[in-house]
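Lettered A, B, C and D in written order, each chain numbered from 1.
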Amino acid sequence: MATAGSLKDTLKTRMGITNSESAARLEEIPEDLMTKCDNCGTLLVTKDWLRDLKVCSRCGYHARLSAPERIELLVDPDSFQEWDTSLAPRDPLHFPGYQEKRTAAQVKTHLKDSCVTGAATLEERPIAIGATDFRFMGGSMGSVFGEKVTRLLERALEEKRPAIMVISTGGARMQEGLLSLMQMAKTSAAVARLQNAGVPYIVVLTDPSTAGVQASFASLGDVIMAEPGATIGFTGARVIEQNLKIRLPKDFQSSEFQMEHGQLDLIVPRAKLKETITQFLGLLLD
Amino acid sequence: MLSRWLPFEKPLVEIEEQIEELKRLAARENLDLSDKVRRLEDHKRAVMEQMFAELTPWEKVQMARHPKRPYPLDYIGALCSEWLELHGDRAYGDDGAIVAGFGRFSGRAVAIVGNQKGRDTKERQERNFGQASPEGLRKAERVMELAARYGRPIISLVDTPGAACSPDAEERGISEAIAHSQLIMSQLPVPIIVVITGEGCSGGAIATALGDRVLMLEHSYYSVISPEGCASILYRDPAKAPESAEALNITAEDALRLHIIEEVIPEPLGGAHRDFGLMCKSLGATLERHLGELSQIPGPQLIEQRYARFRRLGDFEEQPSVAHPELNGNGPKEAASQLNGL
Amino acid sequence: MATAGSLKDTLKTRMGITNSESAARLEEIPEDLMTKCDNCGTLLVTKDWLRDLKVCSRCGYHARLSAPERIELLVDPDSFQEWDTSLAPRDPLHFPGYQEKRTAAQVKTHLKDSCVTGAATLEERPIAIGATDFRFMGGSMGSVFGEKVTRLLERALEEKRPAIMVISTGGARMQEGLLSLMQMAKTSAAVARLQNAGVPYIVVLTDPSTAGVQASFASLGDVIMAEPGATIGFTGARVIEQNLKIRLPKDFQSSEFQMEHGQLDLIVPRAKLKETITQFLGLLLD
Amino acid sequence: MLSRWLPFEKPLVEIEEQIEELKRLAARENLDLSDKVRRLEDHKRAVMEQMFAELTPWEKVQMARHPKRPYPLDYIGALCSEWLELHGDRAYGDDGAIVAGFGRFSGRAVAIVGNQKGRDTKERQERNFGQASPEGLRKAERVMELAARYGRPIISLVDTPGAACSPDAEERGISEAIAHSQLIMSQLPVPIIVVITGEGCSGGAIATALGDRVLMLEHSYYSVISPEGCASILYRDPAKAPESAEALNITAEDALRLHIIEEVIPEPLGGAHRDFGLMCKSLGATLERHLGELSQIPGPQLIEQRYARFRRLGDFEEQPSVAHPELNGNGPKEAASQLNGL
C-alpha cells in the first residue's frame, strides 16, 4: 500500500491526465478523492480504483492506461530500460496542424511519440516490450512508432528475447501519409522474421485497437490477448454505420465479439495479464 | 456524357463540341472544314497537355476513379496470351473483389492478383467496388503461395478504395487478413511487382502491395486514408476532400519523392482509358523490364532486399538520447510500486 | 467419327454398363439407339450423346464415367500404362457380404478394385494419373485404393510427374473398417510430401465426391476443378436432413454451391477438362 | 440412476441394491452385517471382472459414450499442473467442440488438443457433442503449428462421434478442414501422441489422429463409421448397430491386432469413470513413457517415421501383374479414339 504522497505523485506524474482532471487540480485533491467510472458512472474511492489498476470494481470497466503505466504493469519493478529514446518525429508532408498537435501531445505526455519500447525482465526472463499511448494523437502509428516497433522486433530476434506489444491505438497516423501506411508493411515483415526464428511474440490488445495497427503487427501475435470490453477492429463502427446506413449492436467489435469470431486467443482481465503472459512464455520456452 | 467527362475536363468538352459541330456542318453543307477541324484538334491537344500535366491531387483522385478506367481484368486480357483465374479461399467463399490466377505474359508464366471493380451497377455490387473481404485476401494469399512453390513471379495490380467496410468483413477478421497477407508477401521467394493502377487506398491497398518493386500509373493515387475520410477527421467536412488530397501527398510524384515507389508509369494523354492500347504497351514494357531484372535474383536474396526496401521507409530524426523521465527507474520508487507487485 | 461396330464396342466394353442397360441387351440395339438423360429425361441420339462425352446436349447433365473412360478422356491416345495392376483387395475383417459384393463389382467392371492409376502423357508431358470408378462399390476407398493413390503420389514425386486424380466416390470403404479410415491419413501425408517437393497435384471432382475421400487427398489439390453439377461434400445431404430434421435446397453440395463457398478453383465442363489441365500445368511448369 | 448404469450392467445394479439394503438394515437394526456386505462386494467384483473382460463391441461403444466418461478437459485438469487454453481460428469463430492449448504435464510443456463433449444439455449443445466444425479443426491446426515452432510435443485426445454434421459445416469446408489437418500433422517436427479416450469415429477422429503413437483406452472404440450408420447402410436398420459394431472391428483389441494402434491403455474395473484417479495414473504413466521415447528422436526423423507408420497400413495382396484389358492401348483403337481427340 502506497503513502498519501506517493498516491498523488502517481496520479500526477505516472497516470497522466486521464479522466479529464488537470495536474494542477490534483494538487488540491484530498486523499479520499472519488473517481467516477467512465462506463457506469459509479463514484469510486480513487485509492481503491488505483489499487484495482483503474478497473471499476462495480462494472469491470478497464480505463485506458498510458504507455509508461502499461509497461510498469507488466514488467519486473525497475527492470525497464527504454530503447531508441533518440527517435523523434518529423513533419515530412508539412501536414496542416501536425506540428502543433504533436507538440501539445508531447507536452501532455512527456513522450516524444506514441510508442515506448525497451528491454525489461518479466519474472526474471529478459523480454522486449513496447506499448502505445492513446493520449498521444490517439496512439497513432507514424514513422517513429513503426521504426520503434520494427527495431524492437529485430532486437528481440537478435537477442532471442520474447517480444510483447501492448496496443492502444486508432490506427495509422494520417499526418504522415504514405509513410505511415508503409509502417504496416515494415512491421508485418519484421514479425515474419521473428516468427521464423522461433522467438515468441505476444500481443495484448487494449481499448481501442483498430485500423492500420490492428491490420498489421497487432494481428500477428503467436498469441493475442485482449482486455475485457476493449474495442477491436479495422473500420470504426460509426464509419460502417454511416456508409451502410445501418445500426450496429452495442457489443460490435468488443473483445467478447472478437473472441466469438475467432480473432482472439484469450480475454484477460488487467490484473491477470502479467501472470498470463508469464505462464504462456513458460509454456513455450521452458 | 456525364460519365465520360470529369468536372475539370469542361474546357475539353467545349472544344470537342465545337469540333463535332464543325464536322456536322461540313457534312451537311458539303464543305471542306478539315483545316479548321485540324486546328481545333491541335488546340484541344495543347489544352489537354497542359491540363493533364498540371492535375491537382484531387483531380488525380478523380482520374483514378474514372468509370472508364481500365481494371485489372482489362490489363490481364490485353497483356496475357493465356489466363486461368482461380477461385475461393478453401474455407469460406469466393470474393469477387479480388481476382487471382495464372497468366502468360510475354511468354513468361506469372501469377496475377488484383482488385477488380465492376463496370455496371450489378457487377459493382458483386465485386463490392473492388473492396476486398477477408476471403478475397486469403484467396490471393493462396494463389501467391502457389506461385512461390512453382517459382512463378507475382504481379499485383492494386485498384481499391479500401478493404471491405462491413460487419461481415469485421466478423471474419479483415484486420487479420490484411496483416497476414503482408506477412506472407514479405516471405515469398519469387519476384513481386506491384502496380497501383487506380486507387491505392489504405489497408486494402497495402494488403497486396508488399513487392520488390512498387510502381504507379501516372494518374493513380496511393494514400493512407481516402481524401474524404481525412477531410471528415481533419476539417469535419468530407467536402474538403480536395484540400485533404493536397495535404496527404498522394500522387505518383509524391510517392516517388518519398521513395515509396520505384517508378511512375506514364499514361496516354488524358488518361489510361483514352488509349488503352498505348497504356498496355507502356505498362507491358515496364513490367517486362522489371521482371527481367528481378528474375536474375535468387529467392532468398529477393526476400532480403524486399525486407530492406520497406525497412528503410519512414522519416524521423535521431536526437541525442534522453530517456523518458518516468521510466528506467528514475521516477519515485513508491510510485513504481503502486502498479507493480499488486 | 467412329463406325457402327466401334460404337457398340464402346458401349459394351469401354463405357461399362451405365444407364442400367445390360451388356446383353446392347447387342440387339440398333445404331440409332436413343439414350435417356438421367437428369432431364430428354431422349438423345446415343451417337451424339457419346460424341458429347455423355453430356446431355439439352440440360448439360454430366453422366458418370468409368475409371477407364476418365483416363482415356484426359490423356494422349494410347499413352496410358497402368501401374500396380497386381494389387488386389482382401477381406481383413471377414466383413459380412464383402467378398460377394466385390466379386460382383469385379465381374461388372473388369476392375480388381475401385481405383485405376498409371503413367501417361498429356499433350506429350509425362504425368501420373488416377481415376476412381463409382461402379465398383460406389468408388469406395479401401486398402487397395489407398495404396494405389499413395504409390501414385510417391512415384509422381520420384519421377517429377505432375499427378492428377479424378474422383468419383462415396467415401471410405466400410467393409475394411479402420484400415479404410487409415487410407485418409496415408494419402493426405503423401500429398504433403509431393507438395513440399513442388510437383503439381491436380484434383478433378466428378459426381459424386464425398465423405472420407473428399476429407483427405481429394481436398488437397494445388488446384481443384469440378465438373458442373457434381455432388461434393462430406456428410450426405440425406443424413444431414434426417439428423437435423431439416430440408436442404436442391443445389446443396453441388459444384456451384461449393464454388460459391470457396472450396473449388474452377468448374470445368467435361469437354474442356483436358485443355484446362494442360493449360494449368503449362502455367505452373513452363 | 438411468444415467449411471448401462443396460448390460443390470446384474451389477441388483448386487449393488442388495448391498445397499444390507447396509440400511444394519444401520436400522444396529446389526453387524459387514461380513455379508464384504462377501457381496467380492461377488460384485468377480461379476464385474468377468463382465468387463468380455464386453461385446456394442457394449464397448456404450462405455465409450457413457455420460460419466471423463472428457479431455477432465484429463487435462487432472494431469496438468498448468493449462492455458487458446481460442479461435483467427478467421471465423471459436469452436467449443475442440479445445486446444498448452499445458504442463509432469514438468514438460506440451500442446494438447481434444474433442470436448458437454456434460449437461446446454454445454452439449455449445460444444456440439464434441463434433468439430471446420473452425475447430483450424484452431487445433494453429495451436499444433505453434507447438511445432517451439518444439513442444503434442497430445491429441480424441473423443468424437464424428465431425460436425450440418449445412454450416459443409459450407465452410469441413472436408477441407479434416484433410488439411491431416496434411499438417504429417509434417510437424515434434512428437505427436494420440489417445482415443472415448469415441473415435470417422473423419472427425482421423482429423486429429495422425500421430507417432496412437493409443486407445480399453473401453474406447475407433471406427470408420458409426455402428448406427453402418447398420443403416448394411441392414437398412439402425437398430442393427450391435451387429455392425461386431462386423466393423472397432474395439481397442481389434485396432491393436490390425496394427492401427500401438497400445491399449487399461481402464479401472468398470471403466474410466469409476475410478478417475486410477485412470489418470495409468494414462499419465503411459503418456510419460511415450513422450520420453519420442523426445529422443530428432524432428525430421519423427516426420519420416510417422509417414512410414501410416504408409504401411492397409491389407491387400499383390497378385501376378495383369493389366486391365481395356487400358494400355489393348482395347480397340477406334474405341479409344472415340473419347480422345474430340
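In this section, a residue touches a chain if its C-beta (ideal position, glycine included) is under 8 Å from a C-beta of that chain, and two chains touch if they have at least 3 such contacts.
Since the structure is predicted, the reported quantities are computational estimates derived from the model, not experimental observations.
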| item | value |
| --- | --- |
| Third chains touching both subunit D and subunit C | B |
| From subunit D, the most remote chain by mean C-alpha position | B |
| Pair sharing more residue contacts (C-beta pairs) when A-D is set against A-B | A-B |
| Separation of mean Cα positions, subunit C and subunit B [Å, integer] | 43 |
| Centroid spacing, where centroids are CA-atom means, of subunit A and subunit B in whole angstrom | 31 |
| Chain centre separation (subunit B, subunit D; CA means) in Å | 51 |
| Multi-partner residues of subunit B (each touching 2 or more other chains) | 90-92, 172-173, 176 |
| Junction residues of subunit C, two or more chains touched | 219, 261-263 |
| Graph class of chain-chain contacts, one of line, ring, star, complete, other | other |
| Residue ranges of subunit D in contact with subunit B within the complex | 90-92, 134, 138, 172-173, 176-177 |
| Subunit D - residues contacting subunit A, complex | 82, 84-94, 102-104, 109, 135, 139, 146, 149-152 |
| Subunit A residues touching subunit D - in the complex, by the definition given at the top | 195, 198, 200, 219, 222-223, 259-266, 276, 279-280, 282-286 |
| Subunit D - residues contacting subunit C, complex | 163, 165-167, 169-176, 178-180, 182-184, 186-187, 202-203, 205-207, 209-210, 222-225, 229-230, 233-234, 247-250, 254-255, 258, 260, 306-307, 310-311, 313-329, 331-342 |
| Contact set on subunit A toward subunit B in their complex | 2-3, 5-7, 9-10, 13-14, 50-51, 53, 68-69, 71-73, 75-78, 80-82, 85-90, 92-93, 95-97, 110-112, 116, 118, 143-144, 146-147, 150, 172-174, 176-186, 188-193, 196, 211-212, 214-220, 233-235, 239-240, 243-244, 246, 248, 252-253, 261-263, 271 |
